[in-house]
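Every chain is named by a letter (A, B, C and D) in the order it is written, and numbering of its residues begins at 1.
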């Protein structure tokens, strides 16, 4: 087997195995949970990511579907593929069972290995972009498996932990340094992924120029201590600190703190993969809505950065320095890396880069059709697989979202 | 062991085992399903019925709770017991798992046997009414286990069957006779269960007199063929056949047939425990809302009976003749017994019999507090355990309910 | 003109004029208000009551419609008449204007006088039942004009009064006597209006027998002082005093007192036609929902009466003794008459009397199609025109209704 | 009086009179209408614009409020001013009446003239920005008076016209030329209003640089004929033409054409200030949601422009050439001016220009707090007063908005 083929197969197997490792500690009942319309059951994520390989690689290569009804059950949002099971009703699918989904994954894996093994070099090069897309897609769902089960557990009166005490890493977080504002002169900068820069999603391109005014960016994300100060200063009762829609959103939800965050005297208690725990003051605040991130930035005398400011600032930063899933922490840690820990809300609405064109066919529905009413987040989180994000990587969620590992970093205009 | 004690223990074990037998073919994922706020997961029913014995028998006898949090998780609606997990969120409880619930049931059973075995005769007589209530309560939940999982399966695109083809009974239904109207002269009749008539729910008493005008009652329930005639005559588009609220309800839900019923050319296809199947014209129509039952009765030239008319008509009928769960059919069959097959909607709002007083303590919340905005149904269904219902037995549901095994029988006023 | 014709014409003119007198103090803007889906603008009531005469008397007599579009705009709920403007959107009808509605009323009146004047005696006898129905119908809407504008004003931050101080009567209410319970032996009693007993609505018949157990009925309605006691005893926080649905209703609405009622230290402040005022402790409580009435009765050691108990108790009572609209008070007064002041919620669901049959044609939609999910109220209120109600008169509203002049009287079971 | 003072007073009087002229043909009932939460009654607009002068000019100058409760009733959204009447409930305010609002406006005008007349030159210069803001604010509400009453009339089954046939202008629209795409080389361009460029809203600044890729902009807005082609090509049933959220929005609303637009054989019928009329194929399409505008642009082989592309293209265009309110047409006309006719949806989310800072005090709530979940529209419409808009002017609405005079112009990326 050629080294390239070997590398692709190895990466395929490694990504697929990582998904199963995430599901492994979860009971069949856990994997069945859908705690809100925006979240999906673990089992569904496991099946959907397999369907993706079937739909875009195996079926076009002439394989019969493993189960013709799975096309209906496990299509997420691809209109061109046909009708599909309604997203808010995914929790109703007790069948196929966990075990049947495991079998489905194995069958798909077998067929994929066959396909990759049997393709000659030119055919392999033709398959490669879709395999890479499928693997990047599966990595996105790995993060969602964690965020969605965490949401479900946060709704249970038992507040269960995702992993047993024995399997938790011993963390020795670096003490945080005081926040500083790193200045950037701005000017005409280059944004987006170049066509020949390796795998990236379509929404990261085309590469293009943007003019930036001078700005500064905080050396670390908004912290738990800053959230505490905001709450104690009456921030949740002060409309002047908020976007009007944000204040209304917090009021309608009865919010007096970020999701999964509460003050208990001098302690800030947060809920995460290890259940409830006391948070350190200098660790990054998490589960912020865009509205909260915006209000906190205003409270702290700044604003949120645009996605262009963030990307420009991150251009010379090494993603490998971030606290990603592989660290085992599975929670934000004090420190200041631009990558990892928490996704950074930016003030940029999710929109196409100039000249953006979605790919032809159903796979072109991947990103473009969501470009309204969402905000861009950057940098990845402690739930993101290492190697998944880049400086040009664009995540996006509606402004009221709080179940993601979302935080923020304060920016300031200069001059 | 005295014969009475033995009989009580035997009944306890038999009812408890029947619950487990119902759950047995269901996977942990199936048992986790909550397909709408009004339905509960199988697992929850299994735990809640056990909690009932803990709360009203074991705890008052001085036993420590098996798990203190279960009191919160598995209380259904008893305000006097304390706060409880919200009903529409029962599907979020992946923990405790199925296996943990099984263990919980076993522990409760062990303690109950201890309690019943260790009580002297007077103590046993004191425990008996609550044991009997707990068992009747568990029988009600047995019916709900079936109706709730049937609803969940009806929502799945896979339309799964509840039992394997091999485990389905071979049915030889009696051919239905033509409908006849049995006349009753009315007059001053006696209604309700007498205090000394064996176990009955508090809402069945006190026994009292009601004056009935002369009436006639159909010799069999409204049939599938009659529903077909209603649909084909444009019944769902004819407001004059409906209560105003009923027409609006059907319109708002886009209803053009009863739930789980559709016409496919000359076939009437229904969904039940064995998946989809063709219904015979002369079998009782099922899953009717009160609104549909009322409109169908009007279409057929009659009206629904009052609960008093029904009870009076049923007073000399033997419940043992009905098609109950033990027949194994698990679906309504042609025939004409007043008991079994489908619950009969009556035109009577659920209200206290004159002189009704709920029991003291939390157990008094069993029935009385639901006496508004619901209609009474009578007679039991093919999902009801044999021996559970009586002529005086009162079931009740809001008028828009369609997930129960609910049908109707036409009445007419005479003279 | 014959005396009978003269009397009919005089009654026609008097009822029609009374409607206009109610609207007279209201500005065109006031008459435009629809403050919730269940209430209608004054202007709409004025037009709809005129449409009733057109639809059921003038059109069948061969008159062209005054305006063909009014049939669509001012039909309330008669399906047999054709499609109609949606009830919750009545407030959108700025056209026709108030002045145009006044002109419409005058035209209808002219044509009605022509019709009544030109009919020979047999024709007149044929018209009479529908004229009487139209006038009784208009009297019902007179009460609704008051309840609906009162609701609208209660929603305005200005809390305007319906009439100027100068036009308010000087009231010298009789001091209330202590409550007593009047005992009734029950037995087989006669209920409903006899066919030959003068005008009554179809839902008041047929006359029939009902068996009553012995009961007692309070000598006066639940009072403001009793509501205060309920509130101060934590009644709104005590689920055991409520129907489950009622407690949930109060909780969902954030209710801590009846509508338009608040405690201000030692004062009970209520809102009525004269704006806000302090209520006397012994005046009847008003704007109670069925749920509140039921909970208050339970709190006071009794229950609500059935409609049959109420009617039987009222059978020998003279409606003329009640505090009706003509007293000018337009609010409940201390005293004990069974008629007037506040409508009495009964525990009876609104259902057909045995043998009830709606009239043929569209007019048959008047009552029967509403016989579900509502409770019967009896006796009339201080907003009801004198002469409008009888012992057999049945009003009906859903249990959560609070914008009507609804109160309650406590009953007790004896023996 | 100095010429400057005279000019300011003249402009004040002229703007205030224009508001009253718009309200003049509307009855008190019309002025009372609130047909949806996002629209306000005419009467409320008339009062609110007067309150603005009271709050920001008269009260700070020491005048007592005309009516202290008006501060509560007629504050729109200024949190710093205090609590306010809920927006969706403005239609409940029958009091103050139209006449009382007219009197209120006169009193405010008298006091404003006093204030402006009595101020010495430096004081006048200090007042001027707030007077100009108040007048620009009132002009915005003039457009809303038209859009809101048009919405209300479109909901009435009578579909009334806003003006009598006699008062309609005789229009001789120029025939439209075929659409062309005007190319722009892009590069580093200047955006936003300069500080010293005369009155503009805070959200139009600061002036700053933006880099644009080469693009082309259509020479006229999307036309009625293009909407017809979209509908006839099944556009409303083709998800691939839409943003996912847009397709869902149209589906949820049952949309098969833009608001107030329907095909009737070969005719396109639209509803406007003169009631229903047949639209010409070459007139601009109106009442488009952002979703529709986006889908139409995609259908036509292009995309929506960014607000920066639009502003750059409009920089050398003369607003005076546009079809604004003063033309009397009050509907979009064939032609191609960048200003007037219909507001142009852009693909730019409403966000602060770099360096944006809201003004201090309550007046700073004017724009900034709405900068999320809205899209920018540019250019003004046939309902906008002439002179009100500029190239830098930014209007903004949520993407589902259809009651505004909103259309779109297609853009294309070049190179």
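Assorted remarks:
Convention: contacts are C-beta pairs under 8 Å (C-beta built on N, C-alpha and C of every residue); 3 or more make two chains touch, one makes a residue touch a chain.
For clarity, every value in this text was computed on a predicted model and none was experimentally measured.
Separation of chain A from chain C in touch steps, taking the shortest path, is 2.
A separation of 59 Å divides the Cα centre of chain B from that of chain D. A straight line joining the Cα centres of chain A and chain B is 46 Å long. Measuring from the averaged C-alpha position of chain A to that of chain D gives a distance of 38 Å. If you average the CA atoms of chain B and of chain C, the two centres end up 38 Å from each other. Contact with two or more other chains is made by no residue of chain A. The complete set of chain-chain contacts reads A-B, A-D, B-C, C-D. Partner chain D is touched in their complex by these residues of chain A: 77, 79-80, 188, 208-213, 239-240, 242-246, 290-291, 294, 303, 347-349, 351-352, 354-355, 365, 369-373, 399, 413. In the complex of the two chains, the chain B residues touching chain A come out as 27-33, 35, 43, 69, 72-73, 85, 89, 91-95, 97-98, 152, 155-158, 160.
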